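Chain lettering (A, B, C, D, E and F) follows the sequence in which the chains are written, and residue indices restart at 1 in each chain.
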């Protein structure tokens, strides 16, 4: 199994979720994060001074999926989250060794 | 001739302070309802009105509304820059200093355009807003205030329509509500609306804002008696009861229809009731205030519920609450008003005077037509000159960063000074 | 016979507005102290009281409390639906319009049951709360108010006990505090209490709420002079000094015992001091106000500290602050009251009149017994009819979602409209 | 001789309540500007002043400021513990009860030292703060108040300098502002300043605080007329217009220089304008109030912008706003004051009386010298006895945990009770 | 070493922490998240309209542990977090290649 | 590729970010978390009672990097985040199988 961890723009969350649902994903976990990258952050003004703020609000979507769903999942996120502008984010794929469903104790792909 | 009275003066001073406090209250009420990326932009629209409108009202707004009448249409320039507006009383309020009457009126002028901003929250360009605000305040607010209260054709001056508007049902709420509709039509929907749920980011802030509005409304309506007397008591009682009843008027259908009496519903209902009672507050019995408030809550609930079907994006329901609630109030004033409560008022339909209902209708229609057309023209001109809507990128980024270079809520770390 | 006075009227109008503002203040004070999943449910309990209790008080509550006395027990129905409550003064307050006196009283009726909600925060069913609120307001608040202020057997009417209660030590605080105890006993503990630390989710909200309470309390106590005069000044000064001294009365032992003077402690202490001074405010010297306030802070601190040992779950310490603080105040009024401050009052123990202390005790015991028993009966009936406690699942989910289908704080995204 | 007046009394009671509310307003204004780990520590500094300073003022502060003059320097002890401060009027305010005058003054004594805390926010030790607060209140506030308003050498008493200070430009703002500078110099910078951006954690809280300040300032300045009359109206109008104009005075250069009109800028500008108009409010025409406010906003903007270059760490710009704004106001009062507005005042430079400008300057210099030196001595003594600055570890951990064992915002779970 | 990443109901955090402590775990890191899954979210009401909100508040508990503690850790979480109702959450196990303690520079299991 | 996940004290974020930038890292993602560890939390006082609060505010910095940057990245964080006091935090290294840039669809090290 894999963990697909995608960093996306917050206003894209809704579309990403829908796209994942369409490809049959039944679960995901979302975290508010701040990202630093080529997008460069922004300047803020505070009482006559300027500050460079390097972090931009992002949302992280973690999806654990079976190996054979991987391509679909990556694809779904890629399409839904893309605006074509800098800062659209990344998708990371990490190996997952085991999954359990707490409610039932089920393991492996059945637990998803 | 009545003399200056310190008690009356004390109450109108306190009322002016209360009405001023409503504008920040509105800022929080609206600010809590938007997404967190737009909270400062939303708050700023109200807060900035305190700055710009106050200065403009001092220069021209007050005199256009309350200066010597010119053709029943507009006030003359005698009070421009508040010349002669001092410690001596003025005919409209013979027991208090003129400057106290003026500052009380100034607070109304500030909050009225601020009300409009809720309708186009999350998408208006600040530069465009500044221009719209300045023009609307002078070209729409002052004339309408003059018509109703300043000796113009809708009020009680000789030959006037003699519509009843105790504290601003037409001047403030219908006026702002219909201008809000103009803005919505002109500016269009937010991206994502209505498919996505655009949810309020901070509901306690909404309740705090609504509570400040309620608190301040005692000055708004109670102070409109222009003295500390039984009439002020009447208006104060009516105001409170209408707000209270409107909570029930909103929550009952909501509880039945959606199985949930919501906190935002209670707050919105209260505001709807306060809007509805505004024109009536000094003219009706307490039981009538309860009915008007309940009707305000109920009708606004129904109207706001239908909004998704109507397909326009009134972000924070300014039309649904201020326009609809304002009309409910203006018309029911024509039903429930009674000379038994206020000899300076009139009897309504229920007391055998259907003519008053018609007068109310005339005032509503006149305000609606003028304000709608004038607002559209101002929007058009402003749009051509500086633009009224933010770009799509700016809308996504949020008003706070794109219009004001600020972030509302910040966790520690991650920034460095730029030594300029 | 005294005449109507605009200055007195101005101050009571302002005071009524201030007391109204206390209920949202309480909502925030309580709302900040609960977990974020319960903040709206908590706020709603207070805010909804503004709606329901105001309307009920207009219908029956006012007349039961202040209508023509029937057997020293209850008011008659002469003022039902506020019939005859107009611009003319009323015997209780001869220099202000009757409607102004009434609306000032209405605000007390609203906040009293709202105080109770803190005791059973985070677990009361909204439907049960609505029913409890309605019944308690009519069956407990109005009678007790009548006994003390409306011409009943505890007050200064002929043949009455002549207990001193300037602004509601018994009527409001002991009454609500003992009802809170009934609720706690009836409803039991929250899940997880006391092993888990159930921590306040937003302390600045707590301070804001406490500050609004303090601000409003100037109307509560200062307005209870029913005029703008030296007595109002006395009450205002006593109120402020007691709150101030109570901050010290709470923080000093806390700092010694726990090495930390807390912000919540300062706010809670201030409220305890305000509670304690309420019955005494118009009867005592400033130095006595400092002592009463300090005692209020100190005794409440000690009592609240012992709570975990006592083993009951008074979520937000309504018993520890309003009941205990109320008793401290009621009894110390019987010690420090002096005719030198208020001729219409009485001398206390310290001024050679131990009888007054006994009178205070009688008023406390009478209120405690009646309110406790009546509250228990109301709880029992309400529970049988609609239930008073949420299910375990709903408690875990939180009141906001389970009772009101709302979330207090929302990040962007993740929702879709349901087209109904 | 004037008689007691209920209208005047009503307005000063309301004003005292409004001024009290400013201190929690300040707590929120400052609290929102710091990092979330310091919000409670910051709020507590203001809130605690309500407790300690009120009690000290009741004991000694009031009599040192307003007791019978001793050598034009200090008040005698006749009013210690408020002996004799009752319902009868006092010479300074002949139409209201003495206790009402006193409580109005008490609120000024509370907020003045609280203003200082912004300068050394995020690094002051609470124990040191408590001691500094007590000493400063008695040794600095009371004498300076006496000099200007209590019959001392700077005011209108015979042989006095006759400097104009309507509501506390020198006594409150310059006094606190220069003490703030002393604290900054004594305590040094926060770790990380100025390289790292230390950003406000909650901007809506800042706006709420600023709005409460504005609202309360109507009592501060309007109440300083000590009656409900034309002069109160003049001061109220000037106050509002100055705040409004100062929003523009700050935002215009900010918008030009940084391409962004900020919300914090609008709020800070408003406060700067309120500071600047404080000494002038009852002496100037409305148009002059607009100019003074605009100047206050503009000059403070420029000064605050230069701060990073000046290299000291005035955390929340107390020097930049209260000291600089206070001086702008004190001097411009000497320019724009006119007997046409207030016969009890004086003409300024513009009305042919350059001497008044010099008198203003003397009052500024006297306050600056005395307050700076005395503050330094108090800091030194306090530091030796209990310490004034937190340790580096405590600074990193934040004041909330290190000084008060509390956390402002808490998510669910993760704590257990300690059964002590 | 392994990373055990558990998504649990927020009110279970305290019990999960205690259970982990009992089996000898000395450290963990907790993050507020929002979960999407079979639990289906809830309906919210806003001014007369209903919204489907798909995300439910969850807490993520990350525990890095030695391979031989894995079973115990999974077990502890499973027992403590279970209510038997839908939405109890998941446990994911990911491989960890290296661990460092910043304070000392220690590496590997010693750093835990 | 690797994911370097560092749990650090919040006031060290700025320094960590700068240190990473210096070694050429162009992106990172930051999350607010609460940590439990040897640092032991703190005691809070609430209305006359004391509570043991076990969780301490921490910040998690996730950096995905190429294998050959790993040592540098770990080093940079280690140096910047260290105060020498307990609770300085941990660095975890996890394997990453794939990375995508959403904007362009690039994969692997190029996507970083």
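In this section, a contact is a pair of C-beta atoms (placed from the backbone, for glycine too) under 8 Å apart; a residue touches a chain by one contact, two chains touch by 3 or more.
As the structure is a prediction and not an experimental result, all values here were calculated from the model.
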{"item": "Graph separation of chain C and chain F (steps between touching chains)", "value": "1"}
{"item": "Euclidean distance of C-alpha centroids - chain D vs chain F, Å", "value": "43"}
{"item": "Mean-CA-position distance for chain D and chain B (Å)", "value": "33"}
{"item": "Approximate Å spacing (C-alpha centroids) for the pair chain A, chain F", "value": "18"}
{"item": "Centre-to-centre distance between chain E and chain B (centres being mean Cα positions), rounded to whole Å", "value": "49"}
{"item": "Residue numbers of chain E (touch at least two other chains)", "value": "11, 14, 17, 30-32, 34, 36, 44-46, 49-55, 85, 94-95"}
{"item": "For chain D, residues contacting two or more additional chains", "value": "5-8, 10-11, 14, 37, 196-197, 199-200, 202, 208, 228, 258, 260, 262, 264, 308, 404-407, 411-417"}
{"item": "Chain contact graph, described as a line, ring, star, complete graph or other shape", "value": "complete"}
{"item": "Touch list for chain F against partner chain E, complex", "value": "2, 6-8, 31-38, 54-55, 58, 60, 74, 77-78, 81-95"}
{"item": "Residue ranges of chain A touching chain C (in the complex, touch as defined)", "value": "10-14, 17, 30, 32, 59"}
{"item": "Residues of chain B that touch chain A when the two form their complex", "value": "37, 192, 196, 393, 396, 401, 404-407, 411, 414-418, 420"}
{"item": "Contact footprint of chain F on chain C as seen in their complex", "value": "197, 199-200, 254, 257-258, 260, 262, 264-265, 268, 301-302, 304-308, 317, 320"}
{"item": "Residue ranges of chain D in contact with chain E within the complex", "value": "411-416"}
